[in-house]
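Chains here go by letter, A, B, C, D and E, matching the order in which they are written, and residues are numbered from 1 within each.
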Amino acid sequence: MDRNQLAKWLKSPVEMANKYSLHAVYFCTGCGIIEIPPVITARWDAERFGIKAVATPRQGNLFMITGYVSLKTLKAIIRTYEQMPDPKYTVAFGSCPINGGMYWDSYNTIKHLDKYIPIDGWIAGCMPRPEAVFIGVTHLWTLIDKGKADGYIRYSKNYASYRRNQEMLFGDLGWPPLYPSESPAEEARA
Amino acid sequence: MVTRIIHIVLSPLIALVVAVFLLGLSRIVIARIHRRYGPPIYQPIIDIIRLMNQQSISHGTLFELGVVLALAGSIVTVLFIPLGGTNAPPGSYPLAHGLLCPLSSSGGLLVVIYLMLFGPVSIALGAGASENPNASIGVSRKMLLALAYEVPFLLVILAIMSHYGTISIAEIVSRQQDSAWGVFSVPLSAVAAFLILPAMLGIRPFDLVGAPQEIASGPLAEYGGRYLALLTIQNGIQVFVVIALFVNLFLGGGVNVITFLLKVFAVFLAAELVSAVLPRVRIENALRFCWTWPTGLALAQMIITVVSR
Amino acid sequence: MVNPILLIAVPLGLGFIIPLLGLIWEKPTRYVPAAAMVFNLAASLLLLPKVLQRPWVVETAGLPPPFSIHLVAGPLGVGLSLLIALVGLLVAIYAIGYVREGPVAKYHSLYLFLLTGATGMVLTADLFNLFVFFEILCISSYALVAYHGDRAGTESSAKYLIQGAIGSSLVLIGIGFVYGLFGTLSMADIARNIDSVSPMKLFLPMAFLITGFGVEAAVLPLNAWLPDAHSSAPSSISAILSGIAIKAGLYAVARVLFTIYGADTIALLVLVIGILTLLVGEMSAFSQNNIKRLLAYSSIGQIGLIVFALGLASALGVQGALFLVVSHALAKSLLFLSVGYMIYRTGSMEISSLYGMGRRMPVSALCFTIGAFSLVGLPPFIGFPAKFTVIMAALERADPLFTALVGVVLVGTVVEGAYFFRIVQGLHFRPPPESATPARADQEEAPVSALVPICLLAALIVAVGVYPSVLTHYLGPAARDLLDKAAYIHHVLGP
Amino acid sequence: MISSLKSSLESTFKDVAVGEPEAGRLSVLAPKDSLPVVLRYLKENGLDHLALLSCVDWPERGKFEVVYVLSCYMPSNTDYASEQRLHVFVKAEIPREHPALQSVIDVFENAEPYEREIHELFGVHFAGHPRLIPLFLEREYEIPPFRKDFDTRQYVAETFDPIPPVDE
Amino acid sequence: MLPTTILIVAFGSAGFVYLAGRVHARVRDTLAVLSSLVLVGLIGLGYGAWREVVYVPDFLGLELVLRLNLLAWFFAITVAAVVSLSTIFSLSYMRRKESANFHYSATLAVEGAMLGTVFAGDLLSFFIFWEIMSWSAYLLISCNRGRALEAGLKYIIMSLVGSCAMLIGLLAMYSGLGVLSIPLVAEGMQAASPGFVLLVLLTFGLGFGIKSAMVPLHTWLPDAHSEAASPFSAVLSGVLIKMGIYGFVLLMYVVVGLKLLLGVGAGWLTFRHILCWLGAITVVVPTFIAVLQSDAKRLLAWSSIGQIGYIILGLSFGTSLAFAGAIFHALNHALCKSLLFLAVGAVEHNTGGVRDLNDLGGLAKRMPVTFACALLAGLGLIGIPLTSGFVPKWLIYRSLIEDGYPFLALAALIGTWGAILYVYKLLHNIFLGQLPEKHREVRRAPLSMRIPILLLGLGILVFGVVPGIPLRAVQDIGHTFGLAQLKVTLWGLGSEAGALNMLNICLAVVIAFAAAFLLLRLGAKGRAVDQEDSYAAGSAVPVGRYHYTVDFYGPLSRMISPYLRDRADEFYYWLAARGREIADLTRKVYTGYAGTYVLYIVSFLAALIFLQLVWHIW
């Protein structure tokens, strides 16, 4: 907590608070979840950076998607993402969410996750080590500083196309759209 | 009258600051026990600022009212609890100052017991209105846990009240400051109170109310953003109130605010150390435990005080 | 002024005229008993204030009292005959509409004989004369019980006949003993020189008399005929039997006990018999599902209470007993009358078939409820002051034995309350059983000839219940008349 | 010991071919209709645990080969305790066009999810199964995915590629 | 002439309402409401005009007197208020029911009987109105048909036993003292022998214990209150049991008098002590049985028994604080419990008769006013500050603790926690949580139901924030019985040690609420969502199956339900079964053979002669 930190705090406390209190939604999607315990516990202690796991999406603002995303998991991911309150950031682990990774031709896994929900940070590595996770987190901090970690803004702005993609994949999602503006898919169907 | 106004403004502020400090402290203590660094001491403040600015969802007016009432209840309870200082004539103790307890004259310990009830009941109502079964299960556990620790807690308080023959806390504190502390005059009650302290604080062995793994943080399942911020503050103040009550009843309350806060810190540390290493119990075990050991001790103490008087 | 002898003569005369009239013209015979009772009622009302101070002794055939058959129209006698006339009148009005098929003329004449017997017993001062009227009463009630002519009716009246015959023969033997000992049959004369004979020899006739009259008075072991008789008789007759006939029997027992023998030593025995009758009556009524049998057993219970009150042998006790006699007569006849048409409508005497009658026959159901509540002794009705006086008399001597006995009596009341409340609930609030014939709108409520007596009785019950002082004014002298042996002798046999 | 089981099998069931591919393994090829009877017989003879139910796709022969792998829960309570755990492979062949089998839930309750899985991934219909609803997959597939003639690359091209990226 | 006019109006209107019901429902409704309001007005006017009126000069040689004093007025105004509100409530509740005529007239009859009991100046008229109240309440309970019949029968038999005991006490007193008017009896009792005083206390205590449902005698209440029609169960729970309490006050403070009462009993085991412990048991056991109930009205019925325990505890404790607390709690319980019963009745009316807590939920959205007032009443039952429940409980606790009875205080406090559990269970299962599919189109409670609920809620709030009004009345009553004077200020008790000042608490709560609300305003605004959008571990919310109210306190019930079997009830049913067996046995005396009957007659004669020969009884 040196001097320039204090200056930043005084200048924009909200942004600093968003940076140093990332509550991760307690979501284990793919094979990467086995990397999360070492990140949280004694050896690499994520709590130093203010990262704490919370039980419900309502309370969290960081959404870690660790590993490949199957169809059924995507539905849960979309629902959880929509239930998270607004300044929220998503970080995807490993190559599978990027382009399907080694399951590129599997009928059951999602190829490009960012077609369905916006992703702010990618951490490469077929399950990155905790150090890589922390590099990712610090990188996320810089993104937040520059204001580039705007996944949630993109989601609300282009919600129509996100919703269209999701409905193309799943047909009926089971819950009403988050922003009930007239999305094209709905016009088409209505 | 003016000092009273100052006291009325001062004690909630003290409570607020100390509460946030205690929250941060508890996370550091647990981290240090896990042999890791843990967050900076001011981490709760950062969390609160972040939560305040996070957009949240609400399930209706009662959902919001529950949070506000809970915080109000906790703040009011603080006003009834002496936070150090003494009524003794000036100069009888070093660095002593007047009793910092604004509303001690309008209803004694009984009012405190009832006002401590204000918080949990309004959170229960708020959580009930959040239409989430996790919240309902959490609240039903909270009610049962409250019932579990209330039996010994009431026994302890009754033992003290019948020992000192008064229901006003200020008098109990001053009596302890003259003669022996509560720990020595009603030792078994002190032990019983310490046994149920984790239950009243809602920390590790008895944190089955907001168990993140089982019922998605129980009553707080639907609370996010500013509501969660207020609820963390309320939880902090509730912790502070319970420990302050413990200090006042058993450790004779501080001659001045500093010693009082030191005692609070000591008791909190003891409770945290105990809780950091224990796993979470099931509600049946909690009920069975609270109704056997602490109740037995408190009952024994009560019989002793009744017989000896 | 009206001569008391007319009270007996008119109903007796009219009783004989009815069959003759019946031969010529059938229709008016139904109204003759009512006319007779109206006369009796008017006569008793006129007589009552006059005889309050001094009873009016009437000689027949000109001879002075010890030798001729004479009547004593004291406050007790006239009061009871007033009660008999009142209840008789109301039941007669009821019977006009109720008794249609069967030998109607014979029914009405027997009915009048029954009432004459009762009035005669109450007024006579001569033991043998008492026996004669007692016989008239019993025989006419045997016949009337068998009026329906169905199997149950004849069988129960046969049993009633057997027991009644034994009872009256015991009374006759008793009178024989008394005549042998005293040579006279006038009660006052016997009472005057009662102590001239050793008690051992006297006890035998008393035992016979008490047992004989006791059969009709339905005391515990002797009342086995009552349940069958009352339940199989037509409702109007069971009303009269429960209301009047038993009371006449009781009057006879009381007269024998108190006036002739002045026996307050065996009061405790009477007390015990009373309580036993009460308990057995209430207990056996508890699990009945035939409504008329239940009411019969409850009559036994009430008789037990009256005997208990008599057993107290104190002025207040006897006054309470008389109050209970009046209250039971009114309430029980009301119950039997209101149940009569209900059974007629539903066709069966089962309580389960009476469910839901509150909606089909609201007025009679309401009056049934008033009667039931009065019997249990609930306040605004006549039962409450009656029971209150009896218990007040019992607790007068404030020794723990009597408090315990009162406790037992009240257990009987609770049992009585239990089954009456169950019936009242069934009547008003239970749905009618499916098997019930669909309620035809036309013959819904009982006819007017039935409603008038029922409503009058209910009105009386409530009126006396709210202002009991109107009745207690006459009960005082009546009780003294029964208890005070010396005054009785003085009035009958002159100074 | 395995030989005694082998001989008893051959004696009781005429149309069953029993082989011994390797030590401690027994393979039984049974016709599809007598499967439940064979399984019940084996269950009574100590092989009380249905370890696995799988299906092999032979497109060239136009056959599905359904394999029931049986073993015993508690080797100690049977007389095979001496050797290592015994496995019996009961195989049956069913046509590829309209594959259908009789469900064995009344013999082995734990076959229920296995049969749902085979139904979902191979399209084999199990008669008498209480609820043949999807177990893993989220979407409907014309050709069940585990069949050899299911071209996954072509399926991916059809479903995932047409979804356009989110236009900024 | 006031008391007699009140009674005449009450009973007269009962008759006219029934007749009006025959004419037209509208006429009957207006007449019923009008007459109940007139009664409230008359009683209200009667304040201050304390007088004695003879209304029947000679009833079996006794003079029946009606008197109006502060104690009578206090209970009378509560009775009249609750009954009039319940009549207004039943305008729409009873619209379709076929026993509506009977319901209105019987309610007014019960009210008349209750007012008569309270105004009675002598014990005989007290007993008369007491009995009329019992059997008219019996008729009113069983007019709800179905299971209410069995409940009504159980109620009337138990109150009949109570009345018989009271009759014995009454007449023993009459034969002992020769007079029945209350002031004279009070003097006579001072000179009476301790045994006689004990007899009077026991017999009258039994009668009042049954009516106010003290623990061993409480078994009729759960059936009667849950099976009766809701408006009447509000009257039953609200004021009818308070007649038992009025009886206790009359018995312990007026007839026997405080000094004598404390002396009754041998050394340690005094009458007061037994009653205290019975009150304590009445607080704890029924409250935890209430926690385990799953039927709303049965839960409220058991909770009534629990709350009566407080009043009995306060009354039998005898100090001025405890007495004030007990009577104030009687008023508070009358308000809160009748409001809760009316609220449950409104819910039952709107959801078509659903009372089971396991399949209700989320009705706060459809019936906000009913929920708000039910919440207030619930808090009043618990005794949260700012509701009228806090001051009485505080008084009772303080007197229990300061006079050195910690175990009684413990029982009372545990009872409060039981109250929290069952109040929250009731509110949560009916009003909070997800709104199930079948209750989607539930409408708001009709206006005639909301007015009484709102008025009662207002009463609870006013007496909570300004406890001075009822406290002064209660304290004056205590003063007439010779209890010490309390320094009552408008906002609470005087300023000596351990005083209570509701103004400070109220201001503190308001300020704290404002502070918290400001803090909330600081944060970012929230987005309102409906009940489908709630956290369900990432899946869509399964409509209709996403609501947890079944077996709300499962773990607790598994632990303590074996200990909470209602043994008193089982004992009474066992007694009834033995009674029925004896009855069948005695009926066998009448065998039906004429031969045995003749044998009876002859053997009776032989027995008489045998008695004479052996004991010369004559």
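Here is the rule we use: contacts are C-beta pairs under 8 Å (C-beta built on N, C-alpha and C of every residue); 3 or more make two chains touch, one makes a residue touch a chain.
Note that the coordinates shown come from a computational prediction; the quantities given were computed from them, not determined experimentally.
Touch-path distance (fewest steps) from chain A to chain B is 1. Between the contact lists of chain B and chain D, the overlap consists of A. Taking the mean of C-alpha positions as each chain's centre, the chain lying farthest from the centre of chain D is C. Centroid analysis (C-alpha atoms only) places C farthest from chain B.
Each chain gets a centre from its C-alpha atoms; the one nearest the centre of all protein C-alpha atoms is E.
Taking A-D and A-E together, the chain pair joined by more C-beta contacts is A-D. Centre to centre, using the average C-alpha position, chain A and chain C are separated by 98 Å. Rounded to a whole number, the gap between the C-alpha centres of chain D and chain E is 69 angstrom. Inter-chain centre distance (chain C to chain D, centres taken as mean C-alpha positions): 94 Å.
Centroids of chain C and chain E (each the mean of its C-alpha atoms) stand 44 Å apart.
Residue positions 51, 53-57, 134, 216, 221-222, 225 of chain B each touch two or more of the other chains.
Residues of chain D in contact with at least two other chains: none.
Residue numbers of chain E whose C-beta contacts span two or more other chains: 524, 533, 535, 537. The set of touching chain pairs reads A-B, A-D, A-E, B-E, C-E, using the touch definition from the header.
Looking at the complex, you find that chain E touches chain C at residues 56, 58-61, 99, 127-129, 131-132, 135, 138-139, 142-143, 145, 148-149, 152-153, 156-157, 160-161, 164-165, 167-168, 171-172, 174-176, 199, 579-580, 582-584, 586-587, 589-590, 592, 594, 596-598, 600-605, 608-609, 611-612, 616-618. Chain contact summary for the complex, chain A toward chain B: residues 1, 13-14, 16-18, 20-21, 23, 26, 41-43, 45, 47-48, 50, 52-56, 58-59, 61, 85-87. Residues 158-159, 162-163, 166-167, 170, 199-200, 202-204, 206-208, 210-211, 214-215, 221-222, 224-225, 227-228, 261, 263, 265-266, 269, 279-280, 283-284, 286-288, 373, 376, 378-380, 384-385, 388-389, 391-392, 395-398, 403, 406-407, 410-411, 413-415, 417-418, 421-422, 425, 428-431, 467-469, 472 of chain C are the ones that touch chain E when the two sit in their complex. Residues 136-139, 141, 145, 150, 152-153, 155-156, 159-168 of chain D touch chain A in their complex.
Residues of chain B that touch chain E in their complex: 8, 12, 51-60, 62, 64, 67-69, 71-73, 75-76, 79, 103, 105-108, 110-111, 113-115, 117-118, 121, 124-125, 128-134, 136-137, 139-140, 143-144, 146-147, 150-151, 154-155, 158-159, 161-162, 165-168, 171, 216, 221-222, 225-227, 229-230, 233, 283-284, 287-288, 302, 305-306, 309.
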